Structures are given as C-alpha cells and as structure tokens.
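Please read through the structure below; I'll follow up with questions.
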Amino acid sequence: MIVTLLTDYGSESEFAGVCHGVIRNIAPDSDIVDITHGIPKYDARQGAIVLSHAIPYMPVGVHLAIVDPQVGTERRALALRTGDERLLVGPDNGVLSLAWAECGGVSEVVDIGRSPHRLEPVSATFHGRDLFAPVAAALATGAELRNAGDALGAEELATIELPVPRVEGGVLSACVLSIDRYGNAALNVRHDQLPETGLTLGSGVEIEASGERFDAKFALTFADVKTGEVIVYEDAYRSLAIAINRGDASFALRLEPDSEVRLRPN
Amino acid sequence: MIVTLLTDYGSESEFAGVCHGVIRNIAPDSDIVDITHGIPKYDARQGAIVLSHAIPYMPVGVHLAIVDPQVGTERRALALRTGDERLLVGPDNGVLSLAWAECGGVSEVVDIGRSPHRLEPVSATFHGRDLFAPVAAALATGAELRNAGDALGAEELATIELPVPRVEGGVLSACVLSIDRYGNAALNVRHDQLPETGLTLGSGVEIEASGERFDAKFALTFADVKTGEVIVYEDAYRSLAIAINRGDASFALRLEPDSEVRLRPN
Amino acid sequence: MIVTLLTDYGSESEFAGVCHGVIRNIAPDSDIVDITHGIPKYDARQGAIVLSHAIPYMPVGVHLAIVDPQVGTERRALALRTGDERLLVGPDNGVLSLAWAECGGVSEVVDIGRSPHRLEPVSATFHGRDLFAPVAAALATGAELRNAGDALGAEELATIELPVPRVEGGVLSACVLSIDRYGNAALNVRHDQLPETGLTLGSGVEIEASGERFDAKFALTFADVKTGEVIVYEDAYRSLAIAINRGDASFALRLEPDSEVRLRPN
C-alpha cells in the first residue's frame, strides 16, 4: 500500500529520512511518496491546504501529515478513515481537516496516543518517528484502524477554517492563503465562489494590495498577458490567484500569506 | 520501468510530490528517480545541461523534464524516442535537446498536447501534473509512443545551443554554464575541445574574471593545489571548470552563469 | 536490500539523483532511502552525528555516507561490516565512525579505492557516482565484502571524536553539536552523562551563552515551559538540548555548532 508524507521537516534535516526508515522497517512492501517536507515550520493551516490540494492526485492509501507545533502537549494524535476509504494520520490540530473534507468526511477515527503500534519509549519531541510513522506503517500492512487506538467521535476533532472572502459594492475582499515557488499568490476564493465576484474572463481588474493599486487582467493563463503584466486567474487547484507573467507577483505586489487584497472589475 | 524526473519545482513545493502521485496512480509498478527539482526556475538551458549530464547514469526508461516558462502558451509538448531507446517527455523549448543529442538523436516524436493520456481538464498552469506526468506514466506502462500524440518531424523541434568558446592569440574565451553546490564553476569547454586551449596539465593558468586576474593551476584534482588556491580542471562531466580547493570559486571570483572568463596559460 | 544515502550534496543539485540512477542500474531491486542530503558541505563531523542518530531506525542494509572534502587526495575509501551485520560505505575520514560505534564496531573492512565494482574511468571529483554508489549497489546485490576491495585493519581507520563535556564546581561546560530546523541546539551531553550534570527535572537552569545569561528550565517537553521560554531537555536522540517553546533557541541565544555554553542548576 502507498504511504504519503507531508511535513514541515524541511529538505535539509534527517527527520523525513528517519520516518522513511521506520516505515520501511514495519512495512517493507509499502511505496512511500513524499508530497512535500517544505511546509513552513509550525504552519498547520498551510499543511492542511497543501494536503487537501494534493490528496486527490494520490493513490488511495495511508496519508501522513506532520505539522505539529504542540508536540509534547496534551493535543491528541489521530488516525482516521475518510468516506472514500483513505486513511489519514497526524496530530489533532486541523492539519488533516481540509483533506478529510475533500475525501468524503470522517467515517471512523481513533486516538493513537497509546497505540500498540507506537515505538517505545515515545520521545517527547519526535512523534513523527515514534508515533505517526509507525502507526501509518502498521495501517499500510493492513492493521485494523479500530485496533490502532481508542475510538473518538468525529465531532470532537479540531478543524481549520479558512477565512471567507466578501463581496461588497462590487469589490472582492480576499486574502492570500499561500505563495508558491514562482511567487504566485493563491487567494481564499474557490472556483464555486467565482460567480459572486463579478469578474469576467478577459476583463480588467484593479488590485489593491499593500496600499497600492495595480492593473491586472482576469484571464485563463499567463500567456494571456504580456511579460511583466499582472494576471488574475484560476490556478491549478481552482483557486483564484495573482501572478505576473514570467515574474514574481509576491515580490512586486509585496504579498505574503494573510495579506489582504481587494479586487475591483474595471 | 523507471521514470526519472527533472524540474524547476524546487524542494519546498508539493509540485513534484503531486507528479509522483499521478505517476503512481497510472503506473504503480514504475520506479521513480528524482534527478533534481532544483533547476533554477524558468532556466530551460540549465535544465537541458543537467539532464544531459545525468541521463547516461540512468537506467533506460522514461525521462521527464519540466522547466516550462511558456506553460499556457502555444508551445508544444513532446514525447520522443531517442536512438538508444530512451523515451523523453517535456515541453518543446529545448530542455530535452541536449539529452537527446547525448542519446543518439530523435528517432520518433509526437506532440502530446492533446494526448489521450492527459488528465482532463488540463489546467492552464500545471502541465506537469495534467499532461507530462500522465503521459510519461502511460509510456512507462508500455503504451505506444505513436498513440501518445500527433506525429511531428524531429527537424521541427526547438533546441538549445550552448555558447561556443574561442581561442585567439593563445587566450581561451569561455563562459560559465553553471555553478554547483560547492561553488565550482563549469565552463562551456568540453573534453574534446581541450586540446585547442593550449592548457597543459600541471601548468599555471591566468584567469581573467570579473575584471580581475587570478593565478590558477591546470590540474587533475582539488588536492593538486593548496587549500584556498584556484584550480582549473576537467570536472566529473568532462567539462573544463574552475574551483578553489576547499573553497568557493563562485564567491571568490564573483562568477555566475554566463559570466565571461579568459584563460591564458602561463 | 535497502541502500540508505546520507550526503552533503544539498537538495538543489543532481548529485544525489545521479547516485540513485547508478544504484538502480546495478541493483534494480534495491530500495533506496535518502536519510538526508542536507549535511552542511564538507562537515564530516555533522555527517557522522546524523548517521549515528538515524541508523538505528533504518532496516539492516547498505548505508552510504558521502561527506568528502578530501575527494581526490590519498584519503582511503571504505566498505565495512559492523558487528550487527550492517554494511557501511564512505570515505575514511571518520564520517562512518560514530555509526559503527553505534552498530557493534567494525568486524571487517576493505579499502575500495580500486574496487572491481567502481565505474571506470573514476573521475577525480565525483567519487559518489563513480566509486561509493556502485560499490554500495554491488554489495546490495549480494557481492561479497571481501571481494569489494583490499583488506584493512579496523585500527587503521580514521575516527571522529566528539568534544567531552566537563562538570566543575556544579557548572556543566558543554558545546553545541548541531542546530536543527527549528533552531533547537543539541549539546555534546548524552543520556548516560546526565547524572553527573546535577540537573534535576523540573528545576531551573541558568544558561551562559554568547556572553549572556538566560533562565531556563530542565524539563521533559516543550509544553513544560510557556511559549517563548527556554527549555533544557533530552532530545529525541537522547542528547541534552536547548530549545524555546515555539521559538528559535539558536537565534535567541546566538548558538551555532561549536558554541560553548555553561549550565548551572539554580
């Protein structure tokens, strides 16, 4: 079975590699896919967003997400089954919540804090190695979810709520959820919310950001504007986003996660 | 079959991980090798150079290269077979061209823009996920190249030409093609061009770079000069290169890709 | 068989990917685990520490470590068997030495500089590709260690010695061995040395570092102190360490590898 990993361990440390070793020890026939280890450290919301974007493209399997600023506190650790038969494993801080919403909700969930699959002694600070990876690996070998921990109710779980965009007087008030490698800024506006925004393909948009105004165009792809021009578009995860053709919108418009922007069709 | 990946997606994003998921979905028995995801963003020439260096060390398989600044424009997307029976997949911007030159040229090529293997709807901005990875994965399962797209002529393809070094009055004028992790600078001078340069092993070389002159030695390995001294040598890909023993030549000589240098035996 | 990799190649270069290709060519059925490629460049001591931490969590296999500032000199290249039947491969500069100490010592060792498994011609500067990876891969296919090179005595091998902490007048003088992704600083004080330090769980500790004094608490986990407070704790590898709950101790206390610190119970 496939095991996918998403963490904030970074690409320089050995933390992800150690989790690979633990998984291979327990589930030698599993296939491991690293979704990313580049989630900004401690940023459970960003982890939740990226996992929800990536998971539809992963084979059904065990999906491990570790962004865990409260490691060592009383926060619970979870393993759960989604409506579409995926198994998700991670801390109970919402990092799994946008993914399970994407995958048919939670049909069964257990608290794995005292799981029989954990590696003893469980360290106080590296639950990825001692708790999450071994439980995920055991599940990948076919261990029963109900035996992996103590039953919980789905309604007890922590969730992450994304800020909701508003449209008032023809102006869309939104915020930046994430910036990608190319400086493209994804907003908290999903495909199904687009009709309310009043944006029409091919038309101009005035963007107010960082106290300045920028002229942009609402279009399909980067190539619909000239090099260096600003584009508002629906990105590959079907979120509204701001980019500069061959440029870096994050830099030019001084955008970062949580930056507020206003978009006015013009 | 093996599928190799080379992209400019960076090590922090989930883009490469999502491509892994797509490939595993379609070709669960394939082995995936990440050559690198660290190509500087949009730098198709650097991608082409690295792919041509790495591909001789890869098992014969499907080799995917995605450095794609023109994604969303009319640029074609390609899958092709090389003279030595490798399959290359990527945008038609030359990123594949140095690799196919290394691998016996192009024996068959198709435009995969409307490939039956693509994931619909194809997004405007993430062709790695929706087009290149699924076509590569289908080929890895044994799908026929001729059925993966529309036939093209090899002569229609974009290529990348590297700048040519010159020797005049005993002075070699070259340029930096790439800088590696250790600050070593590879020049556009290949093994078979060395005889023309007048450089002889063990002799001194004067390097003119960034408006300054530096004394160096043409030698086999770092250990042939003292710690901190400059060496000119043939690197592991058999290109002429400049390094500092245990130091960082890029920093000390202020070299970056495309920097011009002059080398004079002395 | 499993092959693990640990190098200072970084996450941007193709060096690790090329080694993967070489290993797959020779040992197509091996499983490769990347422990990390983020060892600071040339830092064999840090490589040795990380390998010794990670190896207990790896399946028994071939364990390759390449941090090799002396590549191209007369330094030897090694393949060896440990007391617990692991095979270690790497340069003879001590990078393997803390791992073999962890794994039951060296029971057999060969100099692989002229190994029949190497890729000829061996380049002067990329022994990972031409020497270490092919020897590791051959061993992973079951090739005999004694045939992989020329026999050596274990007593001839280079080792890395970690600095020893001192306790004098109730003050523990230690030094920082490594800083992790979160800014946590691991000291050269191991679990079995803790009793001598006079530290007692739940008590205060005064830390002297970078010419300043900081109040801390010796506790089990981050959550035992308030957000922003300094904690001294036993980390996941059972070394004494300094952290700030949800903060960055390395930044706040200006710690880096080799920084000296004094800890006084109070």
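The chains carry the letters A, B and C, assigned in the order they are written, with residues numbered from 1 in each.
Going forward, contacts are C-beta pairs under 8 Å (C-beta built on N, C-alpha and C of every residue); 3 or more make two chains touch, one makes a residue touch a chain.
Quick caveat, the model's predicted, so the values are computed rather than measured.
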Contacts common to chain A and chain B (chain labels): C
Rotational angle, Cα trace of chain A fitted to chain C, multiple of 5°: 120
Approximate Å spacing (C-alpha centroids) for the pair chain B, chain C: 31
For chain A, residues contacting two or more additional chains: 11
Residues on chain B engaged by chain C in the complex (per definition of touch): 2, 4, 6, 11, 31, 33-36, 38, 50, 53-54, 57-59, 180-182, 220-224, 233-236, 246
Sites on chain A touched by chain C in the complex: 9-18, 20-22, 24-25, 28, 41-42, 69-74, 123-126, 129-130
